[in-house]
Every structure is written in structure tokens, then in C-alpha cells.
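The block underneath contains the structure these notes are about, expressed in C-alpha cells.
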Amino acid sequence: MTDAQVNTASAGKPLLQVDGLEGWYGESHVLHGMDFHVNDGEVVTLLGRNGAGKTTTIKAIMGLLNKRAGSVKVGGTETINLQARHIARLGVAICPEERGIFSSLSVEENMNLPPKLAEGGLSLERIYDLFPNLKERRRSQGTKLSGGEQQMLAIARILRTGSKFLLLDEPTEGLAPVIVQQIGRTIAALKQEGFTIVLVEQNFRFAASVADRHYVVEQGKIVDMIENEALDANIDKLHAYLGV
Amino acid sequence: MSTNENTKTATPAMHRSVGMPGHMKIIFVVLLAVLIALPFMVYPVFAMKVMCFALFACAFNLLLGFGGLLSFGHAAYFGMASYVCAHAAKVWGLTPELAILAGTVTAALLGLLIGSLAIRRQGIYFAMVTLAFAQMVYFFALQAEFTGGEDGIQTVPRNDLLGLFPMGDDIVFYFFVLFITFGGILFIYRITHSPFGQVLKAIRENEPRAISLGYHVNRYKLTVFVLSATFAGLAGATKSQVFHLASLTDVHWSMSGEVVLMTLLGGMGTVLGPIVGAVIVVTMQNYLAYLGAWVTVIQGVIFVIGVLMFREGIIGVLSKIFKKPL
Amino acid sequence: MSAMLQASGLTKEFKGFVAVNNVDLTVERGTIHALIGPNGAGKTTFFNLLTKFLQPTRGTITYDGKDITSKSSADIARLGLVRSFQISAVFDDLTVLENVRIAMQRRRGDSYDFWRSEAVLGQYDDEARGYVESVGLGEFINHRAAELSYGRKRALEIATTLSLEPDMLLLDEPMAGMGQEDVERISALIKRISEGRTILMVEHNLSVVADLSDRITVLARGEVLAEGDYDTVSKSPEVIEAYIGAGHD
Amino acid sequence: TDITLGVLNDQSGVYADLSGQGSVVAAQMAVADFDAAGKGINVNIISADHQNKPDIASNIARQWYDQDGVDAILDVPTSSTALAVADVTAEFGKVFINSGAATSDLTRANCQPTTIHWTYDTAALANGTGKAVTEAGGDTWFFLTADYAFGHALERDTTAVVEASGGEVLGSVAHPFPGTDFSSFLLQAQASGAKVIGLANAGADTVNSIKQASEFGIVQGGQKLAGLLLFINNVHSLGAQTAQGLQMTTAFYWDMNDDTRAFSERFKEEMGSPPSMVQAGVYAGTLHYLKAVEAVGSDDAEAIVATMKEMKTDDPLFGEGYIRKDGRVIHDMYLMEVKSPEESTGEWDLLKEVATISGEDAFLPMEDGGCAFALAD
Amino acid sequence: MFELLGIPPQVLLGQLLIGLINGSFYAVLSLGLAVIFGLLNIINFAHGAQYMMGAFVAWMLLSYGGIGYWPALFLAPVIVGVIGIALERVLIARLYKLDHLYGLLLTFGLALIIQGLFRNYYGVSGLPYQIPSALQGGQNLGFMFLPNYRGWVIVASVIVCFGTWFMIEKTRLGANLRAATENPELVGAFGVNVPRMITLTYGFGVALAAFAGVLAAPIYSVNPNMGADLIIVVFAVVVIGGMGSIMGSILTGFGLGVIEGLTRVFYPEGSAVVIFVIMAIVLMIKPEGLFGKSA
């Protein structure tokens, strides 16, 4: 199935256009020609089993993979040969799977670390409203936070930068249900404000509650795309993909 | 499922029922053959020096490459053993094997003392604690009467082996040294490939997990520390018999640095790396001596090139090429 | 029924911050007990206290009738109380088989034998293979652990733990980051191994908790908020507010 | 006859300037001046860096004797390496002509029949400076001693001389070797009230001590510094401004007479600086050795050493002298004083002679030395 | 007047002051080392050589260019810093992904090369460098004669140390630097130019070493070996202070100078080893160092 065929219902123009993306870790070839796109203002998820290549895709978009080929266009700019920091300046921000909290920085310093790239980031008050734990622990060393608190911090800090295109890799992992719901609401709110989000999720119930479309990743390829409205109709197919 | 997981099937760590893998047996046999022929090809004292340092580097590698502990004070064991052995041979008139034993035991005890304090610390702190203690040992060697201070212990005699066989001839003594060092290296190989070695590897990989499995991690670290110090001492003691002298050079921190260099240059965590590293460094010192003032510059250039070109050490690189642990 | 593990008045303070506050907890022999609670509630810290990876500020721990408050981590493991980690813990550079053998070796006690060839470890192979197969990793037995996917690493960790023949297991978020298929496999595995053992686990996946646990303790801000079976706990308004959230079905 | 000479010294470390390549040049000049080739003696000179490590020195010495056919080893500064080389030389029955090392043990407790010690030793330094300074009124001393064998030996020997000359030692402080900051020790020396501060150290340690003494105004305060082992290079690096008035003992100074000036001029063309006393000693030793070879007519070491000890020494740099049975070369030593900047006329015009000390007075008598083989018959 | 262990109090006061002066050198040097280690995870074994280069460049500026002490105090660190930057770009930058042992090995090699080259061209005896005329002479403090220059050394190093501390601990730039040492890729992914930042940091650390070298030139012998043995003492200072703690290395630098100074009075032979004894004790009792954050 090609990308053109599935692209019917979504509004807006593609902010991210990925064509024939290949990716390697050293010698091992992990991405085998990914084709997909994300429109401006959309929330799109990547679903797939462990090891399918979701994280690798995210890293490839962000320019964090040493070896990649194909085409990744962000807002029309070809980024396949750009370094991560130049991609970041196009307004892309990442919340990595392993969270990337800095232990030599306090919570607040972690929060202030990513430079402001554009206007319109969330204010500190709003972030503390969303994640009260962080306010309470803001003077602590970043890695002294509990696993879940670190996850919150990783999300919070890219909301400040003003980047409107977020790559979230399993943002709900290890979070209490209340917080998961809160993150769901946050994502919805961000979408309202015009953010574009690529979300990697294991928890597809959560994914279904926030996303417009879902791409299914298998062995380094996009094997299917399901519109969120059509999810119920396709639930068996999806279960088969995910091996449930 | 993932293609990746199936590509590498015959992994090197695959279990075999025989003790030593075939290619290692061949390498050791060839090595032994070379060593037997060596004194007839190069200057025997030089050959003995190389072997002492090879053993020293292997002992150090046992701790760093297999125990995951970087000691920056191994000169302490090497040097103290060298002093005690020299003193035993010269003042007490002990035979070579007993003098060397005395030196080795001293190193083991020193290792036990320093090790039991140092292993409580990790990483660079561990390295610094060992350095600190080694500096104290150096200070002791400088101040103590019996070490002869700056002059060292000179004119150390080589008494008759077992009180029977004269050892004055370098070629004869060479074979005694060969026995000690080659035996030591084989023993170290065995340690790294023993049940104990497996546990060490596990501890190095993931210490908290090893603890949670019930391992008293510190006892293992201490054991490997003492073993390493002991073999370092064996090397140092033997060296003092080879050269008829023990001096401050052997306890100075730059000696600790040298053994780190040898190991890294050859390839830490490999069996042959330290040996190759020792050969290179000792040869370099020996032959560069004729280049006069440029010696340090050339030495520096070699280290820089070594680090930039052979990051995993020479043997580390070779072992990658041949896809076999060497 | 009798208490397998009992913590009373357990407290941990970090420079002016109380992470675990005067917690009393009893785990009955032969049950699966779940510990849940919001992020930062102190669950991992509590585990660390039980296994002495952290030193309690106050309180006592009794295991199988013995006071273990002053024992070391390794000794606690030797008594049969073994833990897993929130972030998966395997020995990356060892093969699957060797990972399991390391644990068995400790139980048999030849681990200091530095003069013997590792070939003697071959004696454990058959038994180790059994544990590996029991978690469904048979076909990966000679792979380096580093090459396994996340879910399989968790399975390997459990196999390793099991080979110690522990009486009690502490599992910290065994399902975190796992795909659906793995969640179900590991759930089934936990159920299977709970036979004749006592398990205390931390988990955020509520359906797993509901499915597996006999009893649940909810921790919040370092204190016990509620305790009981799933139905009782999940209906408690405090728990819903602090943890489950209104939107959960 | 074919002769191979090995110059073994420090070519990269702290003594490289006063021995090093300059000693090799000095040996070559001796060969040329002797016109060895014209006399049918084919001399080959090799050299190596012992890095001040006795094991390296001993290894090289062995290899030289065993494999490279070296007949005599020259120079070898630092006591520990010199003692090691002396032993190896005796073992192989070759010749060792030391110039660079200070330890008087080379001709005392650790003497060897094959060792010749040319230029200076701790006893001579002590005798020179210690005696002259004490007799000139500096009768209370305080020592700054490098905390290793050499420093302690120097302090011990000088103390003996000072006391024998009617002086008194008020105290001493041992500083780590090598050290960088001496101000603390200097303050202790200052507080002692001694008239003379004896510097029983060498190289950069001595230079730093003197530099800092001037900074703390110690000389202005009325105390006098005595450098027990100072080479011309050290004085040069201090500069006349800082070092003026300092007294020191030396076996050789380039500006003593026409012969030394002529030699030094040639040497300076090669090396860029005038020779140190160590380099001068290598020259003189080589020359004397070659004379003995010519006399013997072969490379028979035992005969050569015997001839060297029999023949009077006589060369342009050290003048006339002789070699004692224990291997000690007896020649005059000089007490010098550093010129003030006004007196100095050139970069290297640094010293003026205060007194000549005859060889018999400068070096310890053999009877007191404890050299077993020399005293045996 | 009372005496402490036979030492008159005015002598003791003098010794304390001297210790503080030596501590100034430790502080500036260990600060540079701590900056480089803390932020780049490289144990810069060439630090001693770079300190020596600072002194030499000052000497060269004077002898070849007639440029005196005061301009040299600024110029020499800049020149040596630029050389450091070149080294970092060409050589050290290739090692960041590896264990810090390799950085140590490489910089050790660099130190050998630098020292060897200087020895070949300038010999080992040392070169004269005079105290600037404005700072000649000294003050009689009653208990001791304090050379003006030594007083200046304390002032200059205190200013430099605290300036550096402020920059790293209290500014955004510093936070970026600290983060970049932990996970340079991620910091890059936030849009920060990490390689340039790291290069400049190395250059800055090297410049600190050179600054200490210029300070030292008038009072210590300017010779190629002047920094050779310093590195392990200075590194010990960093460890005692707590690795990664900038303030720790500053305060420890001054503190150890004083302790070493006192040892020189009571047990002079031991003054070379006292820092290591303290290091062993500190690491046994408080492994993260006096001012380090606990792991």
C-alpha cells in the first residue's frame, strides 16, 4: 500500500513527508524504506510490536541515527543530510524513549535546557499546573525523580521550546493511570493549539483516544495505515498486527 | 520476528565442553615455541624483561579487562615485590625461587590490605584510591632504610636455584623466567575462564543484578584484586632477579601508568593484548634509547597514533577482524 | 496463612524529603501482592529498602520469621528473597544460557573456583535449559542477551531469578514498555511461577494487576492509602482520585 | 685496534643539558684531538638515553658489552644508574669512566676495580664550598636538603666539613624531590638565623630555591646562600641578577685559561653553549683512556685500567693529576662566585674564581673511603 | 609568647600564608582540570604541559616580541587556548564516544610530545623570567616578608576562580555544558551546537592552565619539566574536592595548599605525600569527594 492511496481524509498539508527512509545501527539494517507523512496539526501514532523500528524511525527523523538514507522533508526542507541541531531549529522536538533526564542538572535546569526556538511555548506555570509533582521537586537533581516523574519532565521540557512539531516516544510508559489521562488531555489541548505530533505507543487504547491516524510498523516498514474513525472496523486486523 | 536476532547465530560466547578453544591452544603453543627460541635470537636479558612486563600487564589486565576495575597503583605491588625479593636474595641470601616467593607474598598481602579498602569505591574513585595508596607505598620506599632510597638495592645476587643449580648464565636463567612468566600467564588465562571468571564478567556487566542474585560482589572484587596484585608482584620480583637490582622506578606512579598503556595499547580484556602491548612498550624504550633526545617525542607520537588508530588495542582490532576472541 | 514478609514502620528520608513514610505492609505466604500508586509514591524506594539497596531510616523488615533489617543485599537474596529491576537487568555480554547459569552457580557455591576450567559449568546446562524453555526463550539459548528484544530480556530476567529457586519474588514493573503479546506471555508466566511462591510486584498496568493479584496495597506520597482486593481498592474514592483517575474504565 | 665507546646518559630528562648530547660531542672531540685514526686506533662512539632509570641503564650496559662490543662506558649521571653500570661493567670486565654522577660511593663502599670517577663527587663539593664558606666567616649553617640519597649524602658530607672547620649546623629541612615551591622551607631557614643556607639539592630544585630566596629577600636580609651542587647551566638560567654573590664549587669553568677557552669555543660552535664540568670530564676521561689504549696496544680492559692508573693525567681542561687505586681521579677543584650583572660581560660570563682547592684537599683520602679492593694490598 | 609544638606563632602565620599562595596555583590548575573533566569527561593529562606552555609563551613573548608580563597574562592563555582548541578539533574530538581512559592515553601522549619538543629546543635548565617591576619588593607584615608578587598571585587566582565558577554554575551556558557531557546527542537534538561548545570549553580549560603558567613564570623555574609531575597532584585535588564540583576544586585547591604548607613545617618529608593521604581518607569516608554530589 502506498502513502498516496491512504491519504484521503486528513486535512492540511504535510508537515512531515517521509519517503523511502532507510536506517542502520552500525552494520545492522533496521529501517527498510519507510513511507509516510504527517499533516500540519495532526496527531499520528506509530504502532507496532517491540523491536519493529518505531523508536528508530523517530530517531531517524530527528537526525539522531548515524546512518540513514531516503528522504525526510520537514515543512518542505530536506533534512536527510542535516545534523540534529539543524533539524531542531526547524521546530522539531523530541521526547526520547529513555527520557534523557540530566543528572547533573536540577529539575528546573532540565526544564530550561532546550533553547527557545520559537514563540508560543507553554509557560512554566502552565507546565507546573499540568505536572504538580515537578513543581514540588524542582530543586532536586533530575535523575533523583521517580521513573514516572522523569517521564513527565521529559515531556514538559519540550513544551517550553515553542517547537510545534513533537516526536513523543512512549510518553505514557510507567505512568500512573491518572497521569496517563492527564497526558491524553494535554495532547488534545496541544492539538487544539495547532501542534503536530508523532506518537509512539504500546498502549493503543490510549493512542486511539488522541490520534487522527495510526501507522502500523513491522520489521522496519510501514505496513498499514488506519484512520482513527475506522479503528473499530479494523480492530481485528490491528490485533493481528500487534499479536494480541 | 526481528531479522536481527537471527543473523548472528554462532556467537563467540557459545558454550563448548572443552576448556580452551582450539585457536587459543594453537596460539599458546606457537607462543611457547617462539619463547623457547627467543634467547637465541635476541638479547636474553631483554627477552626476560619483556616477559616480566608481559606478565605484569596480564596481571593488570586481569583486574581491568576482566574485573572491570582500573587500578592506577599497580606499581606498588610490582615495586614492593621487587624490593623484597632483592632484599631477600641479597641480605638473607635466599635462593631465587624463595626470594621471588617472598616478593610475591608481600605483593599479595599488600594487595589484600589496599584492596580491601579500595574495592569499596567505584570507577575513577577506585582508580584514585589505588593511586593514593601507591603514592604512600612510594613514599615508604623512598624513606625506608632497606630500599636504599634513590640508589635502590644494587648488585642483587642470583643464588643457586633450589640451592643446586647456578643461575648466573642468562640463558639458563631465561628458562627459569620463562617457566614463571609463561606459567603465570596461563594461570591468568585459566582464572578468566573459570567459574570465578564467569561471575566476574557478570559483575562487570551489571553489578546491582549480581548482588540481587545473592553474590557478595565485594568479595569477588577483592579476590580478583589480590590475584592481580599477586601476579604483578611475581612479575616485579622476577624482574629484580633478572636485573640484579630493585629501584624506585618500579614503584613510581609512571610505572603504574606504563602498565595501563601496555594493556590499552595491546587491547584490554583480550588474552594476548597485554603481552603484545608489553612487547611494544619495552621494545620501544629499549630501542628508542638510541634516539637520544627525541625519545619522549616519538613515544608520545606512538601513543597518539595508537589511540587514534587502534582504539580497542591492537589485539582488540585483530580479534574483530578474525571474529574470534584473542 | 502466615506472613511471609512483613515491614513495619518502614521509613526513608532523603535530605529532608520523606519518600517512604512509616509504611506497614504484610505479604501473606503464597499470594501475589501488588503495590500500586502514583508516580513518585515511593514504590521503587520501598523495594530498595526491602532488599537493602537503600538503608532504611527507620523501621524493621521480617522475612519468613527472621529479622532481616540489618542484613546485606546479597544475604537477603541468599535467604530466597530475590528482586527484579524497573529497568531490565540482564548480563548483556553473556548468552542466555550463561545468564541463567550465573544464578545457578551462586546457588551451588563453586563461584570462587578460579583455578578450575569453566568447562565444569557444563553440569548446569540441562537444568538451565529447562528454565530458559519455561519462559519461551528456547530458540535464543545461545544468543547474547544484548541481542534480545525488550520483552525477551524481561523473560530472561525472570528465568534467571527462577533458577535461584526463590521463595519470594519482588517484581518492579515487569510489564513496563512491553508490547501486548509480551504482556500476556509474562502475565501467564507470573501466574505459573506463583505456584508455591510469594510475589510482591509493582505495576501500573491495571488490567494485569486486576488479573493477577490477590491483594493490593496503594501507596501515595510515601504512605499507605488503601489496601484490599482489587474491587475494594478500585472503588475507593481516594485511590480513584490519586491514582486511577476518573476516566478509567 | 678497534675501540667502541658508549656514552650513556640522560638525553631527555633533567640532566640532559649538563650531560646529554654535549657529552657525546665532547667524546668525539677527544677522539679527534687525540688523532686516534692517525695512531691506528679505530674509535666508534655510540650513545643512548638511560632516562635516569637504573634498570634501563643496566640493560643497555649489558647489551652494549655483550652484543655491541663496547669497550668502555662514559658519563652516566645520577647515582643510581652509575652504581648499576659500575656493577655491570665489573661483571663484564670492561671500563667505566664516570663523569656525571655525584655519589662518592663509586670509589668508596661500592667501588669496582673497573670504575674511574672523573669529575667531582659529593665529598669534593662539600669540601670545596663547605670549608671555604665556613672559613670565610659563615660559621652557622642551615640545610635545605633534597629528600633522597644524594641530598642526604651531600648534607652529611658538608656537615662534617663545616664542623671540622669550626662551624656549627643549626638545623636542616628535607624537602620533597622534586619540589617546586621552596618558600616554606626558606622561611624556616630564615627563622633559624643561620648565616649560611646550604642548598643540598640539584637541578631545577636548586634554581627554584635560589630564585625564591631572592624573591623573599633572604640575601638582602643578611643570610648567604651556598649552592652545594650547581652547574654553569643553572647559573645561566637564574641570570646574574638573581644569582649574584652565590658561591659554588666546580671542577671546571670555561673561562679559566687559554686552553679551556679554546676548547669551549669549539664546543660552543657545536652545542650553542660552553661545556659543563660534566662534559669537560667526559672529554678528559676519553682522552686519558685513549692514551692508555695506545700504550697497551690492545683493547684489554684490565691492562688499560692499570695503565690509566699508572699514567699521570694531563689534559687541557683539568691540567695535571692522577688516578688513585680506588678509581678516584685527583685534580684541582675551584671555589667560584657568581659575578654581579655589572661585572658580567657576556651571556656566559658568569663566574669568577675565589680559590683553588688542591685535589688532595678536595677529595676524601682513600684510607677513609672504605674501598675494599684498594685497601686490600 | 606561646609556641605550638615548638613553632613560634608568627612563623606559623607565615607558613599559612605561603600555603594559601601555593593553594592558588592548585586552585587555578585543578579548576581547569575539573572544567575539562567535568564537562568533557576527559582526564586532561596534558594539563601540566599546557601550564608549562603558558610560562614559555610568556617568556617567548618577552624575548622575541618584547611583550611584557601584563599583556602576556592575557595573551599567553589565549595563544595556548587556541592551540588547545586545535588539538581538540584534530585529535581529542575523535574520542568522545569512548571510555575516558582513551582520552587520558591520548593526552598523555600529547604531554610527552609537547614536553619533548620544548626540551629539544630550550633544554631543561630553565629560562629566566623577571617579576614585573610594578610588583617587585614586598610588604613586611610583621610576622613575615610578603613579596608583592605573591600577594598578586592570590588576588588574581581568586578572581579567575570565582568568575569561572559563576559562569558554569549560575548561567545557562553552564547548564548546557553540563547537560552536553551527559548526553551530547540529545542536547544537540534540542538545537544546541554541542561540538563548538565542547571545543571552546576545552580551550578555556587549557587557557586556565596557561594562566597559571604565566603566574608561575616569575617565581618558578621556567623549564619544560615544570608541569610534568603536577598533573597527578592536581588531579588528586579535583578528586578530593569532588569531581564535577567546580566550587569543590577551588576550595580544595586553596585548602590543600594550606595543609601542605603546614606539613612542610611539622613533617617536611611528608609534604609530597600528604595530599594522597588526605585523598585516601576522604575517599574512604566520603567517596563523592568533599563537595561532590552523592551518586
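All chains are identified by letter, namely A, B, C, D and E, in their written order; residue positions are counted from 1 within each chain.
One rule holds in what follows: a contact is a pair of C-beta atoms (placed from the backbone, for glycine too) under 8 Å apart; a residue touches a chain by one contact, two chains touch by 3 or more.
A quick map from chain label to UniProt name: A, C = ABC transporter ATP-binding protein; B, E = Branched-chain amino acid ABC transporter permease.
Note that this is a predicted model, so its numbers are computed, not measured.
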Mutual neighbours - chains that touch chain B and chain D alike: E
Chain at maximum distance from chain A, centres defined as averaged CA atoms: D
Taking each chain's C-alpha mean as its centre, the one farthest from chain C: D
Two chains joined by the most C-beta pairs in contact, as defined above: B-C
Distance between the centres, which are taken as Cα means, of chain E and chain B, whole angstrom: 33
Centre distance in Å when chain A and chain B are each reduced to the mean of their C-alpha atoms: 50
Chain C-chain D separation of Cα centroids, rounded to whole Å: 74
Distance from the mean Cα position of chain C to that of chain B, given in whole angstrom: 41
Multi-partner residues of chain D (at least 2 other chains): 12, 16, 147
Junction residues of chain A - those touching two or more other chains: 49, 51
Two or more partner chains touched - positions in chain C: 149
Chain A to chain E touching residues, read off their complex: 62-64, 83-85, 87-89, 93-94, 96, 100, 102-105, 109-110, 112-115, 117, 141, 158, 161
For the chain C and chain A complex, residues of the former touching the latter: 14, 17, 36-45, 86, 149-151, 173, 176-182, 184, 204, 206, 241-248
Chain D residues touching chain B - in the complex, by the definition given at the top: 11-12, 16, 20-21, 46-51, 53-56, 58-60, 62-63, 66-67, 79-80, 83-84, 87, 103, 105, 110, 147-150, 152
Chain B contact footprint on chain C (complex, rising order): 51, 53, 72-75, 77-78, 82-85, 89-95, 97-98, 101-103, 105-107, 110-122, 125, 140, 142-144, 147-149, 160-161, 164
Chain D residues touching chain E - in the complex, by the definition given at the top: 12-18, 147, 173-176, 178-181, 183-185, 187-188, 191, 203-204, 207-208, 211-212, 215-217, 221, 231, 233-234, 236-239, 241-242
